[in-house]
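When the chains are written out, they are named A, B, C and D in that same order, and each has its own residue count from 1.
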Amino acid sequence: MGKGDVAYIRPKSIGVSVPRREDPGLLTGRARYVADIVLPDMLHAAVLRSPIAHGRITSIDVSAAAAMPGVVLVWTGRDVRERCSGLPATMDIPGFVGTVQPVLADDEICFAGEGIAVAVATTRALAEDALEAIVVIFEDYPIVGDVAAAKTAENLANAKVPRNLLYYSDRLSDDVETAFAQAAAKVEGCFRTPRVNASPMEPRGFVARYEWTSKTLTCWSATQMPNLIKTLLAIFLNFPEQNLEVITPFVGGGFGQKAHLHTEEALACLLSIELGRPVSWIEDRQENLLRAPQAKQQVNEMAMAFDSEGRILAMRDSVTTDAGAYNTIPWTALIEGHSGILVATDPYRVPAAALESFSLVTNKCPIGAYRGVGFTGPVLAREILLDRGARALGISPFEIRRRNVLRKEDFPYVSRVGHTIREGTFLETVDKLEAMIDYPAFLERQAAARKEGRYLGLGLSIFSEPTGIGTRTMHFLDSPITSHDTATVRVEPTGKVTVTTGTVTAGQGHHTTLAQIAADAFGIPVEDVTINMGSTKHSVGFGTVASRSAVIGAGTIGRASEMVRVKIRAVAARLLQAEPDEIEMSEGMVHVRGDPGRGMPFAQVVGAIYFADATHPEDFDPALEATAAYDPADIILANGGHAAIVEVDIETGLVRVERMYAVEDCGKMINPVVVEGQIRGGVAQGIGMILLEELIYDANGQLVTATLQDYLLPTADDVPDIEIAHLETPSDLVPAGIKGMGESAMISSPAAVAGAVNDALACLGITIEQFPASPQRIFDAVSAAGKSR
Amino acid sequence: MKFPAFAYAAPETLDEAVDLLADDPDARPLAGGQSLMPIMALRLAAPTMLVDLDRIGTLKSSVAGENSLRIGAMVTHAENARSLDISSRLPLMSEALRHVAHQAVRNRGTFGGSLAHADAGAEMPLVVAALDGTMLLRGKGSERAVPASDFFLGHYTTAIEPGELLVAIDIPTNDLQWAFEEVARRNGYLALAMAAVGLCVEDGRCAEARVMLGGVSDRPVRAAAAEAHLVGRAVDEAVAREAGRLAASGLEARSDTNADAAYRRSLVAVLVRRAIMRLSKGER
Amino acid sequence: MNFKYSFRLPVPAERAWPILLDLRRVAPCMPGAAIESGQDDEYVGRVKVKIGPIEMTYRGDLVFVERDDAAHRLQVRGTGREIRGGGEAKLASTMQVHPDGDACEVSIDSEYALSGRAAQFGTGLIDEIGAKLMKEFVVRLERLLRDGEGTAVPSATPTHPTATPAPDSARARASDAAAPTAPQARQDDNEALDIVGLAWGPVISRAIPIINLLLSVWIIIYLMVFDR
Amino acid sequence: MRRADTDGALETVATVNGQERRFSVMPRASLADALREQLGLTGVKVGCEHGICGACTIMVDGVPARSCLMLGVQAHGRTIRTVEGMTGDAGGDGRTLHALQDAFHRHHALQCGFCTPGMLATAQGLLDDNPNPTREEVRETLSGNICRCTGYQTIVDAVMDVAAARRVAAAAADAATPSASREASTANG
């Protein structure tokens, strides 16, 4: 059996909105997050963060700090360097420049916020006091503040990166010029997505406890990838992996930011090993804004050519990623713009495309994963250009999409970059959105509002989302990472089922949704299943990232369950005088197919296997426990679309999102309410990214939006009600036809909101291509258009 | 982001509080703490002692006089928002209070604390400036009254001298009709620009006008030219627009990453016009 | 942030230049600054910054880049480091006196930058304050130079903020405020600062401390460079 | 006068979740940290420590307050209710979800759960203040609490649901005995 095999699961509780079993603990404050972990003798670490964006430490004096009350240890980069030479991140493809993040910088400092010293004390407050007593003198280097400066390579942002270029790719270079020459309509733009912070409500955190007697290192981490960081810590700290455990308590949101190995995590381990006491590092909000992986900053210079019917003739996209000072682990800078261009043409028929990507270093915090990473920028550029094409050709934004989306007859369709699209409901999505919005009614409303000097706009976005990311997808994205996950399924003597999985949860509800999958695998009630997760001592896995846990959960649990079901069928066949392949399980019974009367309770068959030797066939292995791996055989593509209606007050520059619409096709839904929760949360983040959120660095490389007073996260006032419709196109690569969907709204809803702002202002001849569309930017655009009153 | 270390005292009387502040120049009064605490969490402020005013009853009482209200410095925004005296006699303040932060902050944040902190983007300084309020200051063996026009001196900077406490605010009632307009990045946040406009219209003409601006300078700013333009005129769209233009023209507006000076000036013109039009239409 | 300012003096450059170089009288223009140590062209100074509750103390290294008595040009560079926490305030400044018959024009061109928590606070609020007060500082410097001996008595009448603070009104305020009294740099300049401040009346007394943040380094340069 | 030096702890007595609690706390400790560390009430979530995110919102003397912007020593003589006390509110048995908690559960109004304790306190403050809110009023009040997971809609649904249930209960109680309405509405939360 191969890791891509698909076990049969008949949906029963799959598809039902089962209320989440993890809620009571969360609702009563009884659930424990990493900051709630208290261990005997535990110490607290605080990291001194560089105030300068680029330079070098000429002298650092920690003597005063080390002498302060409650302070146990103060380390600089030099102390750490002896123990760990840093966290290397590279990608095994030609031309890629890897980088090494120092755990604490002891030579070149490449961004403001980079750690340069750490104080460990009996309380966090005392540790912070100690940081203030550390005297550092810096030598400044010239600052590379943005990709424009980086491209000139007059100065280097990171001495280890020649020409500031981590990677360049002209992955696809069709001849598009001919198409553009013949085009009936050409549209182009330079679209800038903001540098943002995923901002989980719980900042990062890590507790390390080294026990010298057993040489074991036990870690508690607010992470999405416990197994990955366990292995990487073992390698980078040269620590025996079998003695290293990473425990994941409840996690207060991740969204990709917690899907990395962070320098502070390695640091906490080193400190605990050094001191022989538990060390807790709990990030505060300002650290999170300064140092947690940032995201999304791309420049997409995109152009599209259409024939007179509005059909796409060609697309050109040159994407530049502002990667910050280093590659993050494990994703590297490729995760942003470069992976973005690889799906830039989906889900449309694009006969010719020229796609290139630049990944450049600057003196800013490194970028990493954040929900929809890479895809958001190109999708935004593409969808705004489609709207412009529609305006240029005088057809509706729905119609131009209808004329270009892939249709049933196109499947399987191989995109110009070689992505095989097996199925999808792209056309149905366009129709559905148009019906939900009642487009004619909107046009009337829009016209009426204009007469009153009010500016309404409609924006659309159609997307496809590679989900259940595994080896195939990562290779397709030019990131040759091989991965697999496992689950262990055990049927207990009383017929209850225990599942242990390598995935973890940061609010996605796996305790409930994975139980629904396992329940259906054995045809038993969901209450009879318990999911164990959160320790690397159990299963292995790549982590909860990239819309993969539903797919991976179903794949692994399905395959492990099948190994156990074989034994149940064998015994049941004897007891029911039937052939094993006639036996099936449903409604808590094990019975002959098509004859529920000829069967016995699931618990009875299981009990017989445990306790009644006479029921066993020859050479029967009664172990009702199996561990299986799963790695999807190919990219599992979900699809859908978003629409936004906004009103722009051109006098104040304020934008109000009136309503949002989402159509989602993630195959068979496990738990519809959970699916809708993922959509709504992602849409809120999309609104934030397009209207509010922006990490602003000044000319001096200083982050000037270092508090939540200045970094504006969307609130209940900024996010409207969201109307959701579902389509279900099952995948044949995943048990029960399940697909992933966690990122869809952050891939596509920003494009819809951005398109709506542009639509509202189009009548004034205004285009907005830099985001967020802040009141200041809208004011500037309106003034420039001379329409200001 | 833990607070730096400080000593703490919670006096029961005003005299005790003033003595504590007089004894230690680096001690700071603690009112609602909704502005001071964040600055301390960022370690931009490290007072040697916090003098908690929360137990001093006299600072928490308000008195309605014949022609004015005296509001205790430690009365919370939430209490003022519920006050019938304020809603009936200082409608401008009631309207502005709806823009002050969020419920949990209004429950702790105090009127006096907001004035003493003097954030350029805060609503209450504009309100007392617009209504010609008077700050009553108490020092060790000294008492003085400072009119709003002399009280706000710049960012976080007021006429309160070291060792002095703001104990109460006198706000005279008036016969103007008031409207308050604000633009912030979002509800409950500090204003990018705000306007408080008071008009008295007699037989169709504006007999008296008051136009005060906030968030655009480092302190509340009076738009005298706009006021002059309104007086004597029948208020219509054109007059309102011109008043807005005059309020903005020549205004030395602040500039930060949220809003540059030109944008703030343009907001002033819009907000003043909108406030005037609301009043002319009799909208509340 | 860049700051340029120039003003005319009714005296020839030859008379203005030495006054400009006389730190005994220039020093009080920069309340809050104190020299800790130094010699030749390397000095260390300290400055206390106060903006309402916000308080930061910087320690400054100062380097004399160029002093051209013939051209009446002076270039200095300095760095002030936060005493608690790692923030920095950097400044590079060029001051020149241009002869113009029996009058002269003094021009000041400064580039300053902040790092650390001050820079990270309030979307550039500190820069805004810095620019505002840079203006008031040079107004005071201009006043000092104009009054030659600097004997002017501080105005007793506190001035009030005007409706819309315009440059001229700011200047007027500063002029009312007149020159500081303390001719000698005290042991603790921060103390001196308050005395000066009070003499200046509410407006300036509240404003003064803020000046320090960005101007301290600038003035300490005077104290350094010419104390030889 | 209550007074403590920089490094001197202050004996503090407060009614916390219905019980008198004595604890000794340094002046510099925020109320959030004091409740978490001195009393082990880790349901109080620390999200930003500068008063914006609202995760640390608790009930102080019956109204919502940011516990990161108060001091532990300021708890003295006050009545404090954290999320841990919610199931025991108004005669709750301590093992049954409060009406708001139950509504959050039924409406999927939480995902990671980190903002939830603060959301619940703010929602309770809102309903105590305004038993009959519009969706817009709920959104405006909740806008002082940031949630990064849910998109807020289901939180608004949950709060509206409880408000409606209380009106029904109150009406029923009115029908029974006119005076019982107050107990009825508090008994629901």
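Please note the rule applied: a residue touches a chain if its C-beta (ideal position, glycine included) is under 8 Å from a C-beta of that chain, and two chains touch if they have at least 3 such contacts.
Not measured: the values here are computed from a predicted model.
Enquirer: How many steps does it take, at the fewest, to get from chain C to chain D if each step moves to a chain that touches the one before?
Expert: 2
Enquirer: Indicate, using Cα centroids, the chain positioned nearest the centre of all protein chains shown.
Expert: A
Enquirer: Going by the touch criterion at the top, tell me which pair is linked by more C-beta contacts: B-D or A-C.
Expert: B-D
Enquirer: Could you give the separation in Å between the centres of chain B and chain D, each centre being the mean of its C-alpha atoms?
Expert: Each chain reduced to its C-alpha mean, chain B and chain D end up 29 Å apart.
Enquirer: Where the CA atoms of chain A average out and where those of chain C average out, how many Å apart are those spots?
Expert: 51
Enquirer: From the C-alpha centre of chain A to that of chain B, how far is it in Å?
Expert: Chain centroid spacing, chain A to chain B, equals 44 Å.
Enquirer: Approximately how many whole Å separate the CA-defined centres of chain A and chain D?
Expert: Taking the mean C-alpha position of each chain, the two centres sit 32 Å apart.
Enquirer: What parts of chain C, by residue number, touch at least two of the other chains?
Expert: 84-85, 117, 121-124, in rising order.
Enquirer: Which positions in chain A are in touch with at least two other chains?
Expert: 125, 132, 284-286, 696, 704-705, 707, 709-710, 715, 717-718, in rising order.
Enquirer: Would you mind listing the residues of chain B that make contact with two or more other chains?
Expert: Where chain B meets two or more other chains at a single residue, that happens at 1-5, 38, 42-43, 186-187, 257-258.
Enquirer: Can you name every pair of chains that touch?
Expert: In this structure, the chains touch in these pairs: A-B, A-C, A-D, B-C, B-D.
Enquirer: Taking the touch rule as given, give the residues of chain A at its contact with chain B in the complex, in rising order.
Expert: 123-125, 128-129, 132, 284-286, 651-654, 692, 696, 704-705, 707, 709-710, 712, 715, 717-718, 774-776, 779-780, 783, 788
Enquirer: Provide the residue numbers of chain B that touch chain A in the complex, in ascending order.
Expert: The touching residues are 1-5, 38, 42-43, 183, 185-187, 189-190, 192, 257-260, 262-263, 266-267, 270.
Enquirer: Sort out for me which residues of chain B touch chain C in the complex.
Expert: Residue positions touching the partner: 28, 36, 39-40, 42-47, 117-118, 149-150, 152-159, 217-219, 221-224, 250-252, 254-258.
Enquirer: Can you tell me which positions in chain B touch chain D when the two form their complex?
Expert: Against chain D, chain B makes touches at 1-12, 16, 33-34, 37-38, 41-42, 48, 50, 52, 54-55, 78, 101-105, 107-108, 186-188.
Enquirer: For the complex, which residues does chain A have touching chain C?
Expert: It comes out as residues 48-53, 112, 131-138, 140, 286, 290, 696, 698-707, 709-710.
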